[in-house]
Structure formats: structure tokens, C-alpha cells
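The chains carry the letters A, B, C, D, E and F, assigned in the order they are written, with residues numbered from 1 in each.
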Amino acid sequence: MRSDGRSSSQIRPVVMEPGYIMHPEGSVLISVGNTKVICNASIEDRVPPFMRGQGKGWITAEYSMLPRATGQRTIRESSKGKVTGRTMEIQRLIGRALRAVVDLDKLGERTIWIDCDVIQADGGTRTASITGAFTAMTIALGKLVENGVLAELPVTGFLAATSVGIDPELGEILDLNYVEDSSAEVDMNVVMTSEGRLVELQGTGEEATFSRNQLNRLLDLAEEGIHTLVEHQKSVLGDWASHIIKNLEKEG
Amino acid sequence: MRSDGRSSSQIRPVVMEPGYIMHPEGSVLISVGNTKVICNASIEDRVPPFMRGQGKGWITAEYSMLPRATGQRTIRESSKGKVTGRTMEIQRLIGRALRAVVDLDKLGERTIWIDCDVIQADGGTRTASITGAFTAMTIALGKLVENGVLAELPVTGFLAATSVGIDPELGEILDLNYVEDSSAEVDMNVVMTSEGRLVELQGTGEEATFSRNQLNRLLDLAEEGIHTLVEHQKSVLGDWASHIIKNLEKEG
Amino acid sequence: MRSDGRSSSQIRPVVMEPGYIMHPEGSVLISVGNTKVICNASIEDRVPPFMRGQGKGWITAEYSMLPRATGQRTIRESSKGKVTGRTMEIQRLIGRALRAVVDLDKLGERTIWIDCDVIQADGGTRTASITGAFTAMTIALGKLVENGVLAELPVTGFLAATSVGIDPELGEILDLNYVEDSSAEVDMNVVMTSEGRLVELQGTGEEATFSRNQLNRLLDLAEEGIHTLVEHQKSVLGDWASHIIKNLEKEG
Amino acid sequence: MRSDGRSSSQIRPVVMEPGYIMHPEGSVLISVGNTKVICNASIEDRVPPFMRGQGKGWITAEYSMLPRATGQRTIRESSKGKVTGRTMEIQRLIGRALRAVVDLDKLGERTIWIDCDVIQADGGTRTASITGAFTAMTIALGKLVENGVLAELPVTGFLAATSVGIDPELGEILDLNYVEDSSAEVDMNVVMTSEGRLVELQGTGEEATFSRNQLNRLLDLAEEGIHTLVEHQKSVLGDWASHIIKNLEKEG
Amino acid sequence: MRSDGRSSSQIRPVVMEPGYIMHPEGSVLISVGNTKVICNASIEDRVPPFMRGQGKGWITAEYSMLPRATGQRTIRESSKGKVTGRTMEIQRLIGRALRAVVDLDKLGERTIWIDCDVIQADGGTRTASITGAFTAMTIALGKLVENGVLAELPVTGFLAATSVGIDPELGEILDLNYVEDSSAEVDMNVVMTSEGRLVELQGTGEEATFSRNQLNRLLDLAEEGIHTLVEHQKSVLGDWASHIIKNLEKEG
Amino acid sequence: MRSDGRSSSQIRPVVMEPGYIMHPEGSVLISVGNTKVICNASIEDRVPPFMRGQGKGWITAEYSMLPRATGQRTIRESSKGKVTGRTMEIQRLIGRALRAVVDLDKLGERTIWIDCDVIQADGGTRTASITGAFTAMTIALGKLVENGVLAELPVTGFLAATSVGIDPELGEILDLNYVEDSSAEVDMNVVMTSEGRLVELQGTGEEATFSRNQLNRLLDLAEEGIHTLVEHQKSVLGDWASHIIKNLEKEG
């Protein structure tokens, strides 16, 4: 039994609140247990210099934590004058993951800016960010369709992320909270589509190693979690979810 | 009549939600109209180097906006690698204002870190930050009293802040929203105690000037607004408000 | 009696030496007591990006202190690699103040760069900077008129600044030197026109508060000081002072 | 057939030149095809602040590329004044990987600094860095044993890394060079022990996804590559390889 | 004939004004023609970390130019957030030069901070800085002797600096102003003692080369200039000049 | 006798390995004793902004050391976030020196980027960099001639550099290694053409001074060293050396 009473394969309660902030084209407050992230999606009508003139769009992400999202206050990156390696890793991951399920040609020369701001952290902030950002991004892209800017929603599938890990006592577990994450021997972040295809897989032994059998059991757990998360996305996205399902059927 | 239907002397709806974030010693989400700021107060058991050995405490503040708190996305200060002049001005103002109503000797060699993070902006973010930060700080200091670390609450009075300005058509108005702030000829931020004493007064003619009569009318409006804000603080602070009132009586 | 023998309402000796540095279009060394600031004004034939194409000019200011302008050597901001919050506040204040008395439309798409470099500090460096910068700027603008670049002097009035404060023993005093500034309970910088209209008002209780009556007495003192400073400006500016007086009469 | 004539499962020629630079405690020039990395290991007799007093050691890595390691000259990170996200990701990966096969308790309060400087790049620089760094680190640790500072070699197993990927035409391939890497749909870096246990797994779909079957074929290829790399390490390490084998037997 | 009427071997008018700024232990405004530098010397009662515990002193220098010291306004290094290579070269040169004529053992564990701030530039700012800094430093060290902190003046000789160069038309010339410096083919800065011994020699062909004969003629000119500069130093230093002469006689 | 058995006028063994790195247009690994520097030359088809439209080329250099090029590990400049003064001095020196022997008009609007990366240091890294960089640059320029981009090699002479110094016991010596450099009283870097003309001369007394006679003896030694270095350049450059000799004859 885990410290918060969950079974090994049980994900924490998930809530997504669309329209949380009024200004962005897409905005979602996602809670996964006590982890809470404001995910905002902004549309800019141009692409970065290295992309210009190709007729393709781009998706880029930024990630940050409020100083007291954590138990101990952490120093602001703006005060330090630089972004930490951890932050850079996470924002590169979020951008890459979302680009895997958007048809950038159909997006046209536009940039989608994703801002994930963790206001409360209890483990799994990067995977909650991806799951929430996918939802906020789809809402923002939906507006482009509504306004007639785009002919159809350029989202090719559902995308969600979760963490799995190996606990020294419980073995493989799904959706680690902060305490579990701190003591896990293996920590793995999995980004997957609703079809069960892998987009990103980042597994790390923390002063430890893991076998291919363990890897397979971790991926089984992740698939279950992703399934649940996608169900939440579908219910929040409503009509736009149907559009994605049609896109999936066309491609399938 | 103002664009949102308010009279000249009417403040926007104010809501303060205590305990908004779970980790900080004090946490308040303050909304003044559409302006929303998470105000967190953290206690650190030491003071900055220049204060050490004097037996006195210190209060310092940081202020930031989420990129999409605003209508147009603003670049993160962490990405720019430096804090802007505007941010520095605001965080120095917040810290200075709060230090005026805390007995730093009674606080002892502790630092209170105030973090004001604007998640949605519609004018008056710095004054909402001060009003919310006072509340979060008092809650955090209250915990030190509850835990027996401090013998009594070292808060010497209520403190709130609001903005006033001169509209080219309406004249003096209270609590400017973003649209009003953009067109105002004179913009003034007022930090006051519940006793009507001034703590900070920052008035600026934007390519304009103002007379001492206009100054007096602006201060009258500010006093009304501060009164309303303090009433909200009292209802959120409950017992701790009574402690402050006793402190005021002792001094008076 | 104040430590340097002045009465409460007495300003320190003021000297302005025009043409102090040979390269700038306008250059003044201002001394207010022992506070000495080199104020240089440079004309650039373009405006910053956010102003382009509006046919309007811009005024921007930078402020710095030599390391040994002060009793203790302070570290250079270039060595620290960043400008402090205090410096940013001051340079924003200087620019804003000057813009209030220049007709930016008449200036055309030009930038006036103001550089205030404190070579010796004894309190009141920001207000001395504004008073000297106004003079240097007017000289530089006068050259544009002399050279036929501008048809008339775009300065709409005289502008000067001084500090006032509340001494724990002497009460309200005018033009605080460093020692007085360090012990003052309330510190206020006032930027005013020769007509007695306010441009900037920044009053701060240092771990203290002040009443509206005290505010009024402080503003009375400030008006007296400003009057003296403007007399000095007039005598240094000669013919250009007459131009400003004519501009004032036209508007009046 | 691949562009350089290799089969899908064929690794490029590997050379490791120990003692390449004279000053470091361990130094190896590793070549994997045209990719060349100088891997230096330095021993410092203390640990970073967050590790002090625990009696444990630490391993940290830095990675850099010469500007003309690449076909187009890249700007130096020292000129830019900051380390890129890509560099940070890589140096965090190298450090984490090495820490998985060193008994940090046996190392004692010492830091091993790994410097991987790519002097010529043709794909796979981060995996070549890990493979070379393991060798340089073991040589440096061997010196501590020779000098009697450590009683035994604190290396618990062999560790090497390679890349695998999915080519749009050839399917799964081992050890991608720069051209292959640029066109691959899926790119995966695998860090493994000689026992076939995973230490790090980082798989990324580049605007693409991959199935679990594909993942398994990629891991099969990686295992083959790792096997070859470890054979090279053994031949370079000589006696120290025997020590590691003994450590493995003890644990097994 | 040179553009300002001087002969090839003629130095510009030199003025040194001691006590120019009131706070520093030593302060000199030096003018060499139109080049004007405020040279301040500060005494700090400790040495930098790398010098501690050796009983020796240290001398370090900082150099800066006001933005309008030059004909075109230059951007402040504090605004750029970094010190340029040119500035670093100059401040390293000033510090090194002064250390050559101070007995650092006799100075004891103290640091002399030299600040050279160019308020008006017309060529030769770095050599004027050295000549003025020597004078300011000697005044500051004299105060330590007067106050009984040091038993004797630790200055072992007079030190001054000047520039020489090769003009495409006039050949070798002494003490180049800005216009001459811009067109010179060879530019050389010479730091020398009153005894004619070299301390620093920095000669540069600007897309040109020079022979050893030319080098010798340049050094002859430099010696003459240094002689004149030292005479000025002696007259400003008064009694302290006699102390230095005695120190020279002791050593000679 | 020197510590490594050389006579006072003996240079260390010199080796230059052309084509060391495959990507750059010109690449040389130069060894002078144990000092080893990778010198890469890159051609860019444009010049920096301040040079545009003049039809002239530019040469710029960057210099860096690997952290373990030295006995003690030095911190990377990219980690510090800034380039040190020493590095800036050296890279400015390298660029300036090379520009003295290239006809920038014949080069046309192109930039030559020189990268000198010290992989192993034992004194004289800046002079070895210049000698190697000249060779790499000539190879790169030769390619422009081979490809028909340039009609002739725009190199007007051979250029090499060495260090000389005054040892407290041995007097004047040539080509100081690290140990000699650390104890030398005078340290001088000399950049010369094959014709014996000076390009750069930087002599420094380290808390010491030197006479003009000593200067002359140092320059005699330097000439000998430069002669040897140019012989090595000629043998590496082959045909391109003949081109330079023809250029020299034309000018002579």
C-alpha cells in the first residue's frame, strides 16, 4: 500500500479547469493530486527566424515554478539571471512532445507558445504540464478553426504523459508523488498517444540500473495511466475531441 | 460613468482566498476585479548579511507576472536573464511598505519572504500585491505566534494599497483598471494604514502635471478605497485582526 | 539648528557650470552643497523602436555614481554585470520628469539621451540630477534651434527637483544632506514646474508613516526650494530662459 | 545499405587513446568513426556544499564542442554568456550515468570532474562522451588505488553508451552518424552496463511516434553496440578491467 | 607641424588637481590636453582571497569612461551588462604598472583600489590614468604614513606613462591626441620610472609593422615625455616626492 | 642551464600537424614543447556590421583553454558566464597580429574566424596560437585561391610569435615554459614578420622593471626564435609558402 493509500497502478485524482486565465487563447489549470499547473497557450502570427518561409508552424514551451510551489522556497530563475538545466530539459521536452501530434504544415507560419507555470508541486510536474498543455493548445487551435483562420484542427491525436518508477519496496508504481519520487530507484517519464504509441521515453536509474523486464512492466503501467488522462482530456475538449477522433480515423 | 459602470469613487469587487497554496506559511489569492495575484509569505530563520547580529528581522519581496497575465504575451524575465526596472521598483515598494507596519525588533533575526505572482492582470497589480501580501504575511506571522516562536503578533497596524488617477474626461477616479490606467494623465499609488496615515505615495504625471488641489482630491478617494480593503483584510484574518487592533490600541 | 547650520527651509548653495564637458550638445556640472553631478545631454537623430513612425521624440536618462562618490567605495555596476534597482528607479524618474515639460511632437523623431554621473555624493543626488539635466537638455535643444533644425524651443516650462523629509528632532526640513537623509523618518522627492505644478511625488516612510498635514508642510517647503533652483536655471540659461517664459505665456 | 556502407547493426570503428592529455588524472581521446572527444577526469578532494559531511563522493560532468567541431561554425557558449539547454541536458546525463556504476560511499568525500570536449563531431557525441568518460574516470580512480588513497576500485561495472534510431527507409539502425541522425524519425540514446542492465534510456520521436515493438528492436541493437564498446574499454583498461570484473563477481 | 601646432617631441599641457573629490583617501583630476581623468585611490584593510595570509598588500585598478567623454555617445558597460575587452586590458595594465613601484611587503595586508574615470577623452586616456593614478595613490599612502599606520612611504620610485606613435606623414611623435591616434600606423604605450627603466611596453602595428630602429626612436621620445610628467608629479606631491627621492637614493 | 636542459637561446621542439580537424577550411595542431593548440580557420562570406560596404575583409580570433589544459582544473568561461580579461586580451592580440600580414582589400567582404583552443598548456600558449593560426589561416586562404574565389593569396608575409623573458638567475631566455614563466621578472611577447619587423611587442615587468639594454637583448633572442618558427611554417605550407615569398619579393 502506498503512503497515500493508492494501489501501484492507481493514478491520482485529475482535474482540468478550462478557461482558467482570461487572456490566453487556451488556458487550463490542471491538478494531478496536489500538483497544480497553469497551462496557457498563445498564438503568434509568425515563426522563429530558422523556420521562416517554409510555410510550417512551430510549437515552443516555457516552464517555471513559483518559488513556493515547493516545500522549501526556491530562488527565482529571474533573480539568478539564468534558467537552470532542469527547466531547459523540461521545456524542450514539452515542446517536442506536442509537435509530435500537430500537423505543422496545416498550422501554417504560426507559433504556439505554451507556458506551464507550476503553482503547487507534489511530483510529476513535467508530465502534468504536458497533459494540461495538450488540452490548452487544442482549445487555442480550436479558436483558430472557429475564427476561420484554419480550415480544420491540425491535431493528429491525443497526447498525455505520466511518470512511472520503481520503488525500493513496492516495485513498479504509477504516477509518483514527491515523496515517492525522492526515494524511487528508477524514474521514468512516458509521453504517449491515445493509440499507445510512444512519443518520448526518459528513464533514469538514480544510482541504480533496471532490466528490460522491468522496463516492460513500467510501460504497461504508463499505458494505463495515459488512458485515464486521455479520458479526462476528451471530456474537457468536447467537440474538439470529436475532431481529433475524426483525424485519427482518417489517418488510420 | 466609467467603462465598467463604476462611479468615480467605487473600488472593484475584492476577494481574498486564504490558504490558496499548501506549502507556504501564509498564502492568499487576491482578486481586485480581474486582477489576480497569488501572495505567498515564507519565513526563513535568518536575515541577510547586512542585518546580522542586530537582533532585528527583515522583510523582502519579489514580484512577477506570468507571461499571459497580460493581453499580449510578455517575455519571461528568466528568459531575458534580468529583472526589469519596473519589477525592481515594485518589489522594493512592496518590501518597504510592509516593513512600515511590522515591529522588526519583535520579529527577531528572521526574514519574511513575500512572493507576489500576478496570474491575471487588469491594472493595479502592485497595489493588489501589497494588500494581499499584508494578509499573507499576517497569517504567516500568526503561525509563529501559534507555534510559540513569537510571544505576540509583531504587526502594528493594517496596511493596504490602491491606485487613484486623473482621467482626461472623468477627472479623479479610484482603482483604475488597465484601460483607464493607459489613458490616465496622472497615476498615483497610495499605501496607507487603517488609521489613514501615509506609508508610500507615488504620483506621476504622464507627460502632464497636477496641482496640489488635485492631489488632495486623489488622496480623499484613496482613503475611501483603503478603508474598504482593510475591511476585507479584517474579515479574512479573523482572530489575528483582533490582535492587530489590540496592538493599535496599545500604541494609540 | 541643522548640523550644517542651515534653517529648516534653507537649501544648500547651488552652482551650475555650463559647458563643463566639451563633447556633449549640452553639459552642466551641478553642485548642490557637496553633491556634484555631471549632467550631459546628447541628441540622437532617431527614436527607439517602439516610438518609430509616430513623428514624436523621446527622452531617456541614465544615472550612475563613481565608486568613490561615496564615503565607502561602492562596487561598479559594470563589474557586477547589472544595474541595481535603485539606479533603475532613478533613471526612469529622470526621464519621466523631463518628458513632462518637453513637447515631444515638436521635438520630432529624435532622442535626447541624458547622462547624470554623480562624481561626489552628499544626499539629494537624484534631485540634483533632474535640476541639472533640465538645464543641460535645454542647452542641447537650444543648439537645435540655433542650427535651424527646430523652429522653436520645445520646452514648455521650467522643471526642478528637491528633497524634503521629516527629521525625528527638527520635523520637516528642506534639501537633506547625506547625514540627514540617513536618519529621516520620511523622505520625499518632489519634481515641480516653476508654476508650482507637481510632476512627480515620491514619499516614503522609512519604517514609519506620515499624516496628510505633514505631507502639506513638506510640499510647502519643496515649493520654496524649487523656486530657488529655477532662479539658478534662469540665470544659467540666459536667452533660452526667455524662450521658455514666452512658451509659458502662450500656454497660460 | 547505409551511406557509409555499414549494415544496420554495425557500429563505427572505435579507438580510445589513453593518456592523451598530460595533466589530468585520467585522459582518453575517444573516436567513434569521425566523432572525436577528449575525455578528461580530474579528482578534487572535496564535494559540493549540498553533499558535505555525508562521507560520500560525487561525480559531475561538463561537455562542450569546439566551434569548428561541426560543419558550420557554432558560436562559443562563453561568447554567448550562457550554456545552452542542449549542453546542460548532455552534461547532466553524463554525470548521472557515471554515478550509477560508482560506489560513492567508497569514493569518500571527493568529486570526480569529467570534462568531455568534442573536437570533431559526426553524430553520437554524447554517447561517445559517456563511453570515453567511463574509461578516463576508471583510470583516474585507478591512480587513487595505486597511491593508496583508496583501498579498492569503487567501480561496480562497465558502462557504455550508444545511439539507435529509426531511419525512414532502413528501419532500426545502430550508431547513427550526423547525416543519419538528421533524417531519423526516432532517435534513442541508451546507456547500459556490461550486464545488459539499463542506466538511461532517452527515446524521442522527432515529429513522429514509435511502437513498443520498435522499442524492443532498438534495444536489441543497442545491446550489441554496448557489447562491442565494453570490449574496447576492457582492452584499454587492462588490469583495472580485471578489478571491475572481480567487483562484478562479488556482487553477482 | 602637428594639427594642434605641437612639435613631434612636445607633450600637451599637463595639469593635476589634487583633492578633487572629497571622499577618497587620494584624489587627482589630471588633464593632459583635453583628456581629463578623475583618479581616486581608496585604501581597504584587507587583500583579495588569493593573497591572504602572506602579509603582502595588493593594488587593483578599475577604469571607465563616461558615455559622453567621447564625441559619439558610447553605451555604458553597466547597461551592456559586461565590461569590454578594451576596458579589461586597461585596468589590468594600470594595476600591474603601479605594483611595479610599490613595496607590497611594506604595504602590509591592505588593498589599494584605483578608480580612473575618464570624464573627457582626447587620446591617451590610459596613460593619463596611470600618471594620475600614481599621484593619487601616493597621496593616499602618504595619509597612512601621517596616521602612523605605515612607518614609511612604500613607494620605490616615480612612475608615469605616455603614448608615442608613428604618423604616416610626420614619423615618430609624442603624446598622440585622438585624431593622431586614429591615423597612426604604430601606437605604443610606455610606462617608465623616473630612472628611465621600463615597466610596460605595448607597441602595436595597426595593419602595419615597424623596425627596431623605429622602436628606438619611439622610446627616446617617450623618455622625454615621462621626464616632464614626473616633474609635474613632484610639484604636486611636495613632501611625499622627497620621501620617494630618499627611497630611490637608499636603493641606488 | 635551464630546467629542461635548453640553452638560453634555444626554442622548444615545434610540430605543426595540418588537417588535424576535418571540418574547418584550415586546421593545424601546433605543439611547442608540451604546449598544444588546435588552430582552426573558418571563412565566412560576410563581414561584421561596422565593416560592411567597404569592400574589405576582416579577421577575428577566439581563444580558449580546456579546463584540464592546466595542472589545476580551471573553471570553464561558459560556466562562469563571461570571458575573462586575460582571454579577451589574447584574442584581440591574435586578431590584430594576423591582420598586419593580410591584405584585407584583396580578401574582399569576408571574415576569417580563427579559433585557438589550447588542449594542453605549458607556457607560451598565446604565441603558439599566433604561429599556428597564421598557418591555418594561410591554408584556408589557399583554398579560396584553389576554388577561384580569390585571384591570389592575400598574405603579405610570414608571421610568427614567441615569448622572451628575464630569469632572475639565467638572465634573458627564449621561449619560456610554465615554470620559467612563473618565476620570470620580465615577460615579453613578440610578434614578428620573417623580415624581422615588429608587429606586436608586449613587455611587462612583474613587480620589476627593465632597461633598454635588456630590451635589446630580449629582441635579439626573439628574432632567432621567430626565424625557426617561420622555417617550420614554410615546410608545412609548401606551395603556399612560395606564394608568400613571391608576394614579399613584389613588395620589396
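By our rule, contacts are C-beta pairs under 8 Å (C-beta built on N, C-alpha and C of every residue); 3 or more make two chains touch, one makes a residue touch a chain.
According to UniProt, the chain labels map to these proteins: A, B, C, D, E, F = Ribonuclease PH.
Not measured: the values here are computed from a predicted model.
Comparing each option in A-D, C-E or E-F with D-F by residue number, the pair that reproduces over half of the contacts is C-E. If you average the CA atoms of chain A (Ribonuclease PH) and of chain E (Ribonuclease PH), the two centres end up 61 Å from each other. Spacing of chain B (Ribonuclease PH) relative to chain D (Ribonuclease PH), judged by their CA centroids, is 52 angstrom. Centre-to-centre separation between chain A (Ribonuclease PH) and chain B (Ribonuclease PH), using Cα means, comes to 34 Å. Residue numbers of chain A (Ribonuclease PH) whose C-beta contacts span two or more other chains: 81-83. Listing every chain once round the ring, from chain B (Ribonuclease PH) with chain C (Ribonuclease PH) next, yields B, C, E, F, D, A. By the touch rule above, chain C (Ribonuclease PH) contacts chain E (Ribonuclease PH) in their complex via residues 21-24, 27, 34, 38, 40, 42, 44, 62, 64, 66-71, 73, 76-83, 87, 113, 115, 117, 119-120. Chain C (Ribonuclease PH) makes touch with chain B (Ribonuclease PH) in their complex at residues 82-86, 88-89, 91-92, 96, 99-100, 104, 188, 193, 195-212, 215-216, 219.
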